[in-house]
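Following are the structures in question.
Same chain, two partners: chain A is paired with chain B first, then with chain C.
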Partner chain A sequence: MRAQAGKTQTISARKKRERHSVNLWCWLFMSLTLIFYIVFQGYPIICSIQYSLLDWSGLTSSADFAGLGNYLELINDSLFWNAFINSFKYTLLLVPCQLVVSLILAYILNNDRMKGRVVYRTMFFLPVITTASIVGIIMIFIFGVSGPVNALLQTLHIIDEPVQFLSDGSIALYTVVGISVWKDCGTYMIYWLAGLSGVSKDLYEAAAIDGANRRQTFFHIVLPLIVPIGGVIAILCAINSLKVFDIVKTMTEGGPYYATDVIGTFVYRQAFSSEMGMPRLGYASAAAILFGITVIVIGIILNIAKAKLNSKSQI
Partner chain B sequence: MKQTKSKKTVKTLISHAVLIVIGVLWMYPFLWMASASFKTNDEFFANRLSLIPETFTLDNIIRIWTKANFSTYFINTVIVTIFSVIIVLVMTITAGYALGRYDFVGKKVLLSIFLASITIPLVSTIIPTYQVIRSAGLVGTRTGLILAQSGGAHVIFLMLFSGYFQGIPNELEDAAKVDGCSFFKTFWYIMMPLGKPISITVVIMQTIWTWNAFLLPLVLTLNNPSSRTLAVGLYAFKGENTVDWTGIAAGGFISVIPIILLYIFLQKYFVDGIAGAVKS
Partner chain C sequence: MKRDNMKRAAVLLASIAVLTGCAMPSVGTDGEETTAAASTQQAASGEQQDSAGGDEEIVLRVVDWSDSSKTWRDEFHQKFMEEHPGITIEYTCLTQDQFQNTVMTSIMSNDAPDLFPVPISTMRLPTCVQEGWFLPLNDLMPEGFFDQFEEGTLVEGNHYIDGVYYTLPEKAAPTSVLMFYNKDILEECGLEVPTTYSEFREACRIVTEHGAGQYYGLIDGGKQVARLESLVRGLANLAGGQLSDNNMALTSGGRAPYDSAAMAGAYTLLSQLYQDGSIHPDTVNLTAPEARSIFAQGEAAFLCQGSWCIATWSQENPDFNYGVMPLIIPDDGQKGYLPVSETIAWMGISSQTEHPELAAEYLVELYGEDFQGATVAGGERYSVIKGINEKYMTEGPSQDYYNIAQEQTLATPIATHRDSKVNDFYAEVRSVDPSLGSIAQGVIAGSIAEDQIQGILTELADATTAEWQRASEAVGLDFGTFEFPNWDPMEAYTEEDYAELQ
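Right, the complex of A and B next:
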C-alpha cells in the first residue's frame, strides 16, 4: 500500500517535472516573437501614450509635460477632423465597392472547368503584390492631365477638357478610392474564393436542375451561405482601409488642399515632415492614439455586430 | 442537345471575351509602365496611348540604375528583405509550433494580446519605433530597417503555423518520445521538416510585404538617402525629377519586376496563405 503510494508520487513528480520542462521550452520557443513584439509593438504603444502627453519636437532630449494639452488642441484642430473624416469617408466608400467588385470576380472565377482561370486570377492579383507607393507614383501620370486615361477619354470624345482626377479637390478622394479598389481587389477576391469553395457543388447542380440561372443561383443559394465569411472580409477591409497611408502619401500627399488628407498622412506630416516647421512628436502621437482607439473600438463593435448577426441567422 | 451545347460555347466565349477585356484594362498600368521604360522621352510625350515603343531604348533603365542610385536601392531592398524574412521565419515557426501543439502557462493571454494587436495601425507605433531604432544608433542603417521590419506579432503566420502543427497526428510525436527525442529534437528533426509548405508560404508573403513596405523605410531612411529601399527611392526620385516620366517608369519597372516574377512562379503558396488567413 505504502509502496504503491510512493510509486504514484514519483509518477506525479515526474509528470510535474515534464510539465515544467514543457512550459520552459514553450516560452523559449515564444521568446523571439515576444522580444520583437515587445520592442516594436508593445513598448511603442505605451510610449505613444506617454509622448502624447508631451510637448516635444524629438530633436531635443528635453520635453515639457503638456498633460492633455495635445488632445485639447486636436479637438479644436479642423485639419485633424478633416483627416479623421476623410479616413472614414475613404473607408465607407471603399468597403462596399471593394466587396462587390471582388465578389463578382471571384464568382466568375469560381469554376473549376473554366479554362485559363489561373491566368485570370494572376492578372487580377498582380496589383496586390505591387508596391503601393510605386502604384501611387505611376498613377499620378496615368490619371494626370496629359496621361493615358484623359487621352483615351478625349479620343473617344467623352470629354472635351482633361479631367483633373487628382488635383481637383472635389473628385481626388474618389479617384484614390477607385485606384485602391483596383490595387487590393485581388486579396478580397481570394478571400471570397475561399468562402465560395465552402459552398457544396451539389447545390449548384440542384439549382441547375430546378432551372435556376446563374444569377438566381447566386442570389438565392450562394449569397446566403457566404454572408458569414463576408462579414469577416468586410471587417478586414474596413480595418485595412482606415490604416491607409502609402498610396495616399505617394499619389496626392493628402492634397489638393487636404482634400485627401487621411490620419496616416496627418500624423506623418506632424511628426516627420519639415513643411509645418518643427516636428511635433507629442501632437502627432496624440492624433495617432486618438485614431488608434477609434479603430480598435470600431473593430470591437463590428465583431460584436458580426457575432450577433451570425447567431441570429442560425436561429 | 446540340443547340444547348453550342449555346454554352457561345456563353463561354462571351465570358472569356469579357474577362480578357477587363484583364487588359486591369493590367494596363503595368503595360504602360513597362513600355514607357523603353521609350525615348520624345516618343513618350508624342504618343500617350500606344504601348509598343517604336524605338526601343535601354537609356532609361541605365540612367536610373547608374545615375539615380537605383543599384544601391536595389541591393538595400534585397538585403533587408532576405534578413527580415529569415528572422520572421525563425520566430514564427518556433512560436507557431509551441502555440499549436502545447498547452503552456500563459498561452491564452499571449494569443489574445497578439490577436488584439491586428487592429493597431502602424502610424500609431511608428514614432516610438523610430525612437527605439534611433536610441540604438541604427537610424539610416540596413540593420535598423531589418529589425524594424521584423517587428510585430505576425499573427497570420502564427495562425498558419499553429493550425498546421495542430493537425499533425500525435503518433509521430509519441514515437519520437519513445525513441528518446527531447522537445527540441522532436521539433528539429520531425516537425520543422513537416512544416515546409507553410514555411514557403511565410517566406513568400514576408518577402512581398518587406519588399513593398513604405512607411517604415521612409521614416527610417530620412537622414540617409543611401540606405533607401526601392519603394522610398522612387518616391524621392519623383520628388526631385517631376518631369522625368520615362525615368520614373523605368524605376518602377525595376522595382516591381523581381517581385512579379517571384509571384508568378510561386503564386500557389501565396494564394494559399491569403486564403488561410481569412479561414482562421
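Right, the complex of A and C next:
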C-alpha cells in the first residue's frame, strides 16, 4: 500500500516536473516575442498614454501636464470626429468589398484544373508587396483627369466629361477604397485560399455526382464551411482598414477639404505639422488613444460575433 | 540532455536580449545635455581621427528642401568633394513636409544632420536655440563673413539673437505669389495679360473653353494648403486686407483679419473660377512642384508661384514660352501691396555635428561667388550676397520677376520688430483648423459653396482671434502688439512708424 502511494507520488512529481519543463519551454519560446512586443509595442503605447496627458509639441524639452485637457478638446473638435467617421466609413465600405473580391478570386484560383493559376495568384499578390507610396503616386496619375482611366471611359463613351476621382470630395473616399481593395485583395485571397484548401475534395466530388453546378457547390457546400475563417479574415480586414494611413496620405493627404481625412492622417497632421505655431504631439496622442480604445471595443464585439458564428457552424 | 538544450537556448535568448538592448538609441530630452553629448562625441571623434592618422572618410550630412537649386547644389558638392579629398557630402533634398516629419525625428534622437535649416513652418530660431539645436556661428565663420550679406537680409530673431549668429538666409525673397502665364495659350486664345479679377476670370473661362479639356485657366499646388494660403493672402493684401505673411500674426481692429471684404473677395474669385470650370481639375491633388511641371507642359494658362520655378523650367522645359505678370487686383483698383518677405531663417550647423569647422567651410563656399553667381545667372534665386545680383542677373523672366516684385511689394508691419516676446507667442500659439489654405482647398474642390464662404471665414476669424488672445496671455504679451493703427496699406511701413507706436 505504502509502496503504491510512493509510486503515485513519484509519478505525480515527475508529471509536475514535466509540466514545469513544458511551461518553461513555452515561456522561453514566447520570451523573444514578448521582449519585442514590450519594447516596440507596449512601451510606445505607454508613452502615448503619457504624452496624451501633456501639452507638448514633441519638439521641445518643455511639456506641461494637461490632464484630460486634450481629450476634452478632442470631444469638441469637429475635424477629429470627421476623421473618426471617415475611418469607419472607409472600413464599412472596404471590408465587404475586400472580402467578396478576394473570395471570388480565391475560389476561381483554387480550381486545380485552371492553367497558370500560380501565375495569376502571383499577379494578384504583386500589389500587396508594392510600397503604398508608389501605388499612391501611380494612382494619382491613373485616376487623374487626363489619366488612362478617364481616357478609357471617354473613348468608350461612358462619360463625356472626365471624372475627378480624387479631386471631388463626394467620390474621393470611394476611389481610395477601390484602390485599397485592389492593393490588398491579394493578402485576403491567400487567407481565403488557406480556408478553401481545408474543404475536402470529396465534398466537391460528391456535389458533382449529385449534379450541383459550381455556383451551387460554392453557396451550399463551400461557403458554410469557410464562414468561420471568413470571420477571422473580416476581423483582420476591419482592424487593418481602421488603421489606414499610407495610401490616404500619399494619394489625397486627407483632402479635398478633409473628405478623405482618416484618424491616421489626422494624428499625423497634429503630431508633425502645423499652419501656425508648433505641432501638438500630446493632442495627436490623445486622438490616437481615443481611437485605439474604440478599435479595441470593436475588436471585442467582432470576436464575440465570430465566436457565435463558430458555435453556429459547429451545430 | 534536455536541461543542456534549455541552458543553451536561455543563453542564446539572453544574448539576443542584451544585444537588442544595446542597440536601442538613447534619446536626449534636455537641450543642454544634447549639446554636451554632441561635444563629447566631437572630442571622441577627434581623438579617433587623430589615431587613425586622418585617413578616415568624413561624411558631412546636409539636409534641406531646396529642390529648385538641386542641380547647382549637386555640382557644388561635386566640386567641394574634389577640393576636399576624403570628405563625402551626403545631401538629402526633401519637401518641407518631409523635412518636418523625418529630420525632426533625427534631431530628437541625437542623429541630426551636420547642416540643416530651421523647420520654419513650425519653429522659430529662438525656440531652436533654446533647445540647443544649432551652434553659434560667430567663432566658426571667418572674419568679415557676415559683412558680405546685403543690408537687412540678416534679421534679429531669424538669423541672430543678441548678436550671436545661428543661421543664414538661403536667398532674398521678394515675394512668392506673382503669376506666370503661358504665352502660347494666351496667343492661341487671342487674350491679353489680365490685370483685374474680372479680366482674369474671363480669360480663364475663354482659355478653358478653347482648351476643350486639353488645357485650363488656372493650376496650382492645391495639395499643399500653404501654397493656397499664400495665394489668398496675396489677393487679399492687394485688395487692402492688411494681412501678414503665412505663419505670422497681425490684427485689424483687435481681431484676426480673416473675414474682411478683401479676403471674402479673394475666396469668391476662386469659387467663381471653380464654378466656371476654369481651375485645372487635378489642382487639389497636386503638390507645388507637380503643378509647376504640368503648367510647363501646357495644361494651364496661369500659375501662381515663386521665382524658383524659373530655373526649373529653364532646365527641364527650355522651349516653354511663358511670362511673368503681377498678381491680379480687384476691379475697383489696388488697395494695398504684397508684404516684402523677411529673409527667413535657413541653414545652421547642428550642435550634434562632429565636424563643425568643415560645416563652416561648407557654408563659406556655399555663399561664395561661384555658387551664388551660378544660381542667380540660372534664374534660381536673388542672392543675399552683396553685388551678386547686379553682376549675374540676366535679362528675361528672372529679371521680370524681380522688377514686378519690386513694384508690387512694400514693407508691412512685423510684430516681432515691435516686441521680441512675439517669438514666445509663436512658440505657444496653436494652429486653427480649417486654416485659410484648407478653406481655399475646399472652395476649389467645390466642397464650400460661394454663399458659405463668409460664414466660414467669420468662424475662422473668431476662433483665431480667441487662440491668439489665449497664446498672448499665456506668454505675457500684450495682444495689442499685433495691432498697427498707423499702418496705411498703400504706404511702406517704416522705422518711424514703429517708433511712433512706442
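Observations on the model:
In this section, the second predicted complex is superposed on the first by the 275 of 315 C-alpha atoms of A that agree within 3 Å, B and C clash if a C-alpha of one lies under 4 Å from a C-alpha of the other, contacts with A are read in each partner's own complex, and residues count from 1 in each chain.
As a working rule, contacts are C-beta pairs under 8 Å (C-beta built on N, C-alpha and C of every residue); 3 or more make two chains touch, one makes a residue touch a chain.
This structure is a prediction, so every number in the text was calculated from the model and none was measured.
In the superposition on chain A, contact is made by A:I129 with chain B only, not with chain C. Set against each other, chain B and chain C touch different numbers of residues in chain A, with B touching more.
When both complexes are overlaid on chain A, the residue A:L32 reaches chain B and chain C alike. Looking at the shared chain after the overlay, A:F245 reaches chain B, while chain C stays out of its contact range.
Once the two complexes are overlaid on the shared chain, A:S21 sits against chain B and chain C alike. Looking at the shared chain after the overlay, A:T187 reaches chain B, while chain C stays out of its contact range. Contact with chain B, but none with chain C, is seen for A:V267 once the two complexes are overlaid on the shared chain. By the touch criterion defined above, A:G178 lies against neither chain B nor chain C after alignment on the C-alpha atoms of chain A. Once chain A of one complex is fitted onto chain A of the other, the partner contacts of A:G230 are absent, as it touches neither chain B nor chain C. Contact with neither chain B nor chain C is seen for A:G69 once the two complexes are overlaid on the shared chain. Counting contacts by the rule stated earlier, residues 21, 25, 32, 36, 39, 58, 140, 146, 268, 272 of chain A appear in both its interface with chain B and its interface with chain C.
On the chain B side of its complex with chain A, the touching residues are 12, 15-16, 19, 23, 26-30, 32-33, 45, 48-49, 87, 90-92, 94-95, 97-99, 102, 104-107, 110, 113-114, 116-132, 147-148, 150-154, 158, 183-184, 187, 208, 211-212, 214-215, 218-219, 222, 230-232, 234-235, 238, 245, 248-249, 252, 255-256, 259-260, 263-264, 267, 270-271, 274-275, 278-279.
If you check the complex, the residues on chain C that touch chain A are 2, 6, 9-10, 13, 16-17, 20, 24, 29-31, 97, 100-101, 104, 108, 121-123, 127, 130-131, 213, 222-223, 225-226, 229, 246-249, 280-285, 299, 426-439, 441-442, 445-448, 471. By the touch criterion stated above, chain A contacts chain B in their complex at residues 21-23, 25-27, 29-30, 32-34, 36-37, 39-45, 47-48, 51, 58, 108, 114-116, 120-127, 129-135, 137-142, 146-148, 151-152, 155, 182, 187, 190-191, 193-195, 229, 232-233, 236, 239, 242-243, 245-246, 249-250, 263-264, 267-268, 271-272, 281, 284-285, 288-289, 291-292, 295-296, 299.
By the touch criterion stated above, chain A contacts chain C in their complex at residues 21, 24-25, 28, 31-32, 35-36, 39, 57-61, 79, 140, 144-146, 161-162, 164, 166-169, 251-253, 255-259, 268, 272-280.
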